[in-house]
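Some structures are shown below for you to check.
Heads up, the next two complexes both have subunit A, just with different partners, subunit B and then subunit C.
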Partner chain A sequence: MTDVTLQNVRKEFDGVVAVKNIDLQIPDGAFVTVVGPSGCGKSTTLRLIAGLERATDGTIQMGNEDVTAVEPKDRDVAMVFQNYALYPHMTARRNITFGMKSAGDFSDEEIDRQVREATAVLDIDDLLDRKPGELSGGERQRVALGRALVRDPEVFLMDEPLSNLDAKLRIKMRAELAKLHSEFETTTIYVTHDQTEALTLGDRVVVMNDGRIQQVDSPQRLYDYPETRFVAEFIGDPAMNMLAVDISSDGTEYEAVGPTFRIPLPEGDGLETVAGGQALLGVRPESLSVADSADRSSFAAEVTVTEPLGDSLLLECRTGDQEFKLHAEPRTAVEPGDRVALTVETERLHLFDPQTGAAIYHAAAAQPPEETGPIDSTL
Partner chain B sequence: MSTHEVFTDRLQAGVLLLPTMVVSLLFLYYPTVRAIGLSFYQASLARGDVFVGLENYRRLAGSTEYLRSVLLSVLFATCVVVGVMAVALCVSFLIHEIEVGKGLYLVAVIWPYALPPAVAGLVFLFIAHPNIGIFTSYIEALGIDVNWFSNGPQAFVVVLIAAVWKQIGYNVIFMTAALGNVPESLTETAELDGVSRTQRLLRVYVPIISPTLVFLVIMNTIYGFFGTFAMVDLMTKGGPAGATNILIYDLYRTAFQFYEFGFASAKSVVLFVAVGLLMYGQFRLSDRYAYYGG
Partner chain C sequence: MTSERIRRFETEQLTLHVLAATVAFLIVLPVVIAALVSTKRAGIVTSIGDLAPGGHALSNYRRALIGLEFWRYMLNSFVMSVAVVVGKLIVSLLAALVIVYYRFPYKNAVFLFILFTLLLPVPVRFVPLYRLTTELGMGNTIFAITVPYLASATTVFILRQHFLSIPASLVETAKVDGVGPLRFLWSVLVPMSRAVLVGVSVIMFVYTWNQYLWPLVIINAESLQVAQVGLNLLRGQASTGEVAWSMVMTGSILTLLPPLALLVLFRRQLLETFTIQQK
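So, the complex of A and B:
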């Protein structure tokens, strides 16, 4: 186990900048997930840590050692790949032991003991004599995990390890990964494009976009206090609604004013700076609800699409020329074309700068802020 | 087996197949049948054909000269297959591993294959000619007396080197393509695990590209037996003293220098059957050892 520190790390491929000078500290024993859309540089960051790519600039440290120029094999990391990367011609057992045997750092008894332990934990004892072709996707991924486990590395690197599994198995393996980590407490860096995986697995979540780190935070804070519009829209499904509003103020009270609605904003930091100006009002779909009766903060909207999800009814609505989504109570009697009155949970509103996308205001910020995480990142 | 009917009309399908079938029948199957038939005759241009039954085969079985040629051919083909594949595998691996100038190296390695065998033979003749060869003086500087026009084993080696050199490009094309298909993540896993380069080549790459290697063993075997005729003809004419008199050259001489067409046909039938059996064996072996996925 060790901590990993990235300082001002930059990676260019033939003039294309994949990772733009990121700083990241991953504490010893943490489970950190890195999430972002395709091409955001998350896999490249992982490969830089693994040593499979060389940083164009910046330094990578593991423990107290600068590993920026160290060969992958000397970094003591184990990586699990999306496609499992099992040697197709070797049995599961040989796949697990091949690396250890080739490296020559382990005695045969030690290898046997490690294999027994790892395969027992992963429940793959009976599969050891089969080749990858005879294993299901989930079994293959277990073998790949086993191969990583037996080496007892300082750092686990996982590059979308669950993406090739079907939905049910993914949820099961997700829980198992969390269990494995609590058992072994090896520093783990886990790259995924799936926000659910990122939020459920990570002690800390790193959101990346366009080669930069957008925010590093605990899953709940990421959801409640997105620092940028990108994070706000990326985390949460369906995405946070963004409505263009003017901020009006009579000196004490503030309102977000759209063409068809006026929504009162609770007192909070940042409001006075934007008063009289324009902003994007961020409203999560679950912060909106269909009202029985109109009140001061409610407004009218037209339902354009209804999607019953079982546990809720997803409505796509339009007010003026702005469209947004909301989770209504299931079995709410609305049809496309209906006009409904909507109320907003005003404690869950956010304002973003329309130009830079930076968060200006969180209505919930009046609450005491959570602990500052052990991970810091500078944009 | 499921059949997929591309053509609703059988006649149309037949007509489209006709050109291939005519060419195959006329230039492949007819000569084969004719050669097998001819092997039971004593055939000559002047005196006409006389049926002799198995006499030609009896003659072959009793000929020590022919036996020597058989052994020589087997040795030659084995050396060609092993030599070509060992060199081509090393070269392909190097080209696979290098990041800069890959295309350039590939072209440099492949070009001998683009030469017709006769030209390749001539080129090698000039490279290694005992008197005027470009490399001869350098080789002699190493203390080796280059005299393969009269030294049998040396002639065998020179023709072998020429044959290997000519065939490397063909193998490299297939091997680099196969290596290129090995998933990148396997290479990376091996790198992370600290698997050395040689281990990676022998334990990871070779098993994975084994279907391609099996195919190449078979193609190189055919080449070793049949494809080196022009080089032998141009460089040694089977000599000195039969040291490079491989079967394909031997039967050419029987037919077109001694005009014993029946006897030559028998030799070609033996060669055909031998190479056929060899290939069958190789396929059987490959089923057991090659990794075909799944």
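So, the complex of A and C:
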């Protein structure tokens, strides 16, 4: 176990900048997930930490050691790949032991003991004499995890390890990964494009876009207090709605004014700065609901599409020229073309700068508590 | 299917088979004639009737192999071919390993340069190669007919293409786990390339086995000569002044056998090598 620190790390490939001067601190024993759209630099960041890519600029530290120029094999990390990277001609057992034996850092008894322990934890004792071709996807990923576990590394690096599994197996393996981490408490850096994986697994989630870190936070805070429009729209499914509004103020009270609605904004930091100007109003689909009776903050919209999801009814609506989505109560009797009155849960509104995308204001009644140290890593 | 479509299908199949059979017949014909002539005493063919199998097969082959010591040429060819195959495999595996898995400046230029050597016909290199070989004191030795063949752009190219089709995550896992490059080559790449290695070995063996001009130029001692050149010597042994065609054909058939056996044995791997994934 060790902590990992990236300082001003930059990576260029033939003039294309994949990672743009990022700083990241990963506390000892944490499970950190890195999430972002494809091409955002998350895999490159992981490969930089693994040593498979050499940073163009900046430093990477593990513990107190600067490992920026250290070979992968000397970093004491183990990596799990999306395609499992098992050697097809070797049995599961040999796959697991091959690296250990080659590195020569382990005695035979040590290897035997580690393999016994790891395979018992992963429940793959019976599969050890089979080759990867004779294993299912889930079993292969377990073997790949076993190979990483037996080396008892300082840091686990996982590059979309569950992406090749079917949905059901993915959820099962996700839970097992969480369990494994609580058991071994090894620092884990987990790259994924799947926000559900990122939020459920990570004590701390790193959101990346376009080579930059957008935000590093606990899953709930990421959802409740997105620092940029990108994070707001990336985390959450369906994405947070963005409505162009003017912010009007009579000195004490503030309102978000659109062509067809006026929504009062609870008092909070940042409102004064934007009063009289334009902003993007961020509203999560679950913060909107179909109103029984019109009140001050309700407004009318036309339903364009209905998608029954079972536990809720997803409505796509239009007001003026702005479109948005909301989760309505299931079995609500609405059809496309209907006009409905909508109310907003005003405590869960956000304002973003239309140009920079930076968050200006979060309406949440309780202001975000300042984080002090590394958060508790137990899951 | 309607009966008309079945009929059309059958006609197509029939045409295809007739065509394939014709082509196969044309290709095999000279070999069959050679085999027939090798069973005759004199081997002069002037009419179709002369192509009937003769009764001297056993004595012809015995005379060629033992009497005229053709076994020695075949043995020399075999030693040369095996040495070249093994040497080429080692050199090409290392070259492909470096070209695919190492980062070094002008890597693509180096690979292009290797490919470029394919553009130089071997005879163009004969004069400098002859000087080099003799000055190194390798003239008239087994080294003269093996060492110049060890570098092979074709093999490097085929292995490179194959290595590129192996997922990069395998080598990355090995790097992270501390598996050294030679161990990776031996324990991962070679076992994973078995079919391709067998395929290229067969190609290289046949290529080396068929070498004629260079051994003829560089080897003076008859006892060191190879089978392809030895064939010519068989003809020269005809003391009557006439060409002993049946002996030449006997030698030809003997020379044909080792490559043929390899092709039959390893045809599956050979096909796999030629259909290698492009990248």
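In this text, the second predicted complex is superposed on the first by the 367 of 379 C-alpha atoms of A that agree within 3 Å, B and C clash if a C-alpha of one lies under 4 Å from a C-alpha of the other, contacts with A are read in each partner's own complex, and residues count from 1 in each chain.
Just so it is clear, a contact is a pair of C-beta atoms (placed from the backbone, for glycine too) under 8 Å apart; a residue touches a chain by one contact, two chains touch by 3 or more.
Please read all numbers here as calculations on a predicted model, not as lab measurements.
Asks: Quick check on the superposition: with subunit A as the shared anchor, is it clash or fit for subunit B versus subunit C?
Replies: By the criteria stated at the top, subunit C and subunit B clash after superposition.
Asks: Quick check on the superposed pair: does A:P88 touch subunit B, subunit C, both, or neither? Answer first, second, both or neither.
Replies: So A:P88 meets both subunit B and subunit C here.
Asks: Using the touch definition from the top, say if A:L271 reaches subunit B (first), subunit C (second), both or neither.
Replies: A:L271: touches no partner chain.
Asks: So, A:G133: does it touch subunit B (first), subunit C (second), both, or neither?
Replies: First partner only.
Asks: Of the partners subunit B and subunit C, which touch A:V77 in the superposed model: first, second, both, neither?
Replies: both
Asks: Starting from the residues of subunit A touching subunit B, keep only those that also touch subunit C in the other complex, and list them.
Replies: Dual-contact residues (subunit A): 50-52, 71-74, 77-79, 81-83, 85, 87-89, 98-100, 102-103, 105, 147, 151.
Asks: In their shared complex, at which residues does subunit A touch subunit C?
Replies: 50-52, 71-75, 77-79, 81-83, 85, 87-89, 98-100, 102-103, 105, 147, 151, 157
Asks: Which of the residues in subunit C come into contact with subunit A in the complex?
Replies: Going by the criterion above, the answer is residues 167, 169-170, 172-180, 183, 187-188, 191-192.
Asks: Which positions of subunit A touch subunit B when the two form their complex?
Replies: For subunit A paired with subunit B, touching residues are 50-52, 71-74, 77-79, 81-83, 85, 87-89, 98-100, 102-103, 105, 133, 147, 151.
Asks: Please output the residues of subunit B touching subunit A within their complex, sorted ascending.
Replies: That would be residues 183, 185-186, 188-196, 199, 203-204, 207-208, 210, 291, 293-294 of subunit B.
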